[in-house]
Amino acid sequence: MPNSSLQTLLTQTPEEGFALAVKLAQKGVEVTQPSEEIRKVLRPTYSRNADSLTAASHVIAVHFQTVAAANNYWRAWMPYYQ
Amino acid sequence: MPNSSLQTLLTQTPEEGFALAVKLAQKGVEVTQPSEEIRKVLRPTYSRNADSLTAASHVIAVHFQTVAAANNYWRAWMPYYQ
Amino acid sequence: MPNSSLQTLLTQTPEEGFALAVKLAQKGVEVTQPSEEIRKVLRPTYSRNADSLTAASHVIAVHFQTVAAANNYWRAWMPYYQ
Amino acid sequence: MPNSSLQTLLTQTPEEGFALAVKLAQKGVEVTQPSEEIRKVLRPTYSRNADSLTAASHVIAVHFQTVAAANNYWRAWMPYYQ
Amino acid sequence: MPNSSLQTLLTQTPEEGFALAVKLAQKGVEVTQPSEEIRKVLRPTYSRNADSLTAASHVIAVHFQTVAAANNYWRAWMPYYQ
Amino acid sequence: MPNSSLQTLLTQTPEEGFALAVKLAQKGVEVTQPSEEIRKVLRPTYSRNADSLTAASHVIAVHFQTVAAANNYWRAWMPYYQ
């Protein structure tokens, strides 16, 4: 099941934006290793290795920067900044 | 105990912003390894490895960039920049 | 088959922007190791190593930041921000 | 001795800003490994490993980006840019 | 043969900007290891290691962010954004 | 010989800005390992390791982003952007 096509970086909330960042990080893995079967084989090992988890969290963090900037940090609804 | 939903990136102080960055880094690990049990098993090892700690600090630093930008670096209260 | 010359960072959609980020990440490898033959030899190993895949996804994430910023996060079509 | 609470990202000079970046990098380690005793045990090893030192310098660099941006790169005192 | 002095970050096209990013990444290696002889000895090994190639591509990606921003993402010639 | 105090991020040229980025990367190592003697012992090994050199180049790249932004990418002298 490939990721659906990426139509927009805009989300309603930071929570949804974080979920999009996770999806983008996975998409980066999928384009490099398209076989879902192979990815599934790798998963049990790396998901039980702390350094692998930190590295995965790092990639998510980079994408979250992008998504957060795209959404103007979800500040539009905050009167404080207007 | 999952992280509560992420509603906003705005915080009152840099200290709270840093705490949010830590939470985001952990959230990135949790989505990759949802089992709290497994994460607890990994913790004693990586938290006593200097390179693992530096890597964790790195992810926090990336998220802190995002949170700090979202809060306009908490400069709104600083007359100097107005 | 070298990558074609890079003429623009602008794309119609985030999906195309992500594909460009992937291409840029590959281009960075190609300039360092121009031999397609050698790169092909390396591929089966690293594409079955979870940490290598995460590292590849990381580079894509950095380029996606650039491409997304270049495209103003594809926000031009969003009336909300105008 | 925990780091004192982080009240502001503003500093008078780049030198002080760099010191703050170092403090933030250490803070990221401290939240992950709160025991000062354990951190002290780790220090002699990683501080004599070149790759560990480079990794530590990397985290400082990321925080220095944040602190420098927060201070508008300390340009306010530079007539050139006004 | 040292890199020629860096006079500007501006380039005519993204393609030239990418080439500049590659040059900057090499320059960072050269200042750390000025001996061209030693660098040549290292090259055959790391250029046949997939993780080393990904790491090199990563550094290029970071510099490409800088060069692309310096050139305003080469958008000046795009009527769309004016 | 410690680095002299950091007074400004502004430089006349990109070349000088790159030199400052190198200095900042070294400064990050020095604050973590203040002993020049120990750093000298480590140098021969890491400066002959390709991955260590790439990692050092990476840190320089991050600082160069900061320095380049601080100097508005040295664009002030470019009539094109005015």
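Chains: A, B, C, D, E and F, in written order; residue numbering restarts at 1 for each.
The definition used in the following text is that a contact is a pair of C-beta atoms (placed from the backbone, for glycine too) under 8 Å apart; a residue touches a chain by one contact, two chains touch by 3 or more.
The structure presented is a predicted model; accordingly, all values stated were derived computationally and were not measured.
What are the mutual neighbours of chain A and chain F in this structure?
Under the touch definition, chain A and chain F have no mutual neighbours whatsoever.
Please report how far chain B has to rotate so that its Cα atoms sit on those of chain E, a copy of the same sequence, as a value between 0 and 180° in steps of 5.
180
Based on mean C-alpha positions, I'd like to know which chain lies farthest from chain D.
Following the centroid criterion, the farthest chain would be C.
Which chain is most remote from chain E in terms of Cα centres?
Between chain E and the rest, the longest centre separation is with B.
I want to confirm something about chain A and chain B. Since they are copies of the same sequence, is their interface symmetric in residue numbering (over half shared, so same) or not (under half, so different)?
On the two sides of the chain B and chain A interface, the residue numbers are mostly different, under half being shared.
Between chain C and chain F, what is the separation of their C-alpha centroids in Å?
Averaging C-alpha atoms per chain gives centres 26 Å apart.
Please report how many Å separate the Cα centroid of chain B from that of chain D, as a whole number.
Distance between chain centres, rounded to whole Å: 15 Å.
Mark out which residues of chain E touch at least two other chains, giving numbers and ranges.
51, 55-56, 58, 62, 65, 69
Make each chain a node and each touching pair an edge, then name the shape: line, ring, star, complete, other.
Looks like a ring, each chain touching just two neighbours.
Around the ring, starting with chain C and passing to chain E, what order do all the chains come in?
Result for the ring walk from chain C toward chain E: C, E, F, D, B, A.
Can you list the residues on chain C that touch chain A in the complex?
Listed in rising order, the residues are 13-15, 18, 22, 47-51, 53-58, 60-62, 64-65, 68-69, 73-75, 78, 80-81.
Enumerate the contact residues on chain B facing chain A in the complex.
Contacts found on chain B: 5-10, 24-29, 31-33, 38-39, 41-43, 45-46, 51-52, 55-56, 58-59, 62-63, 65-66, 69-70, 72, 76.
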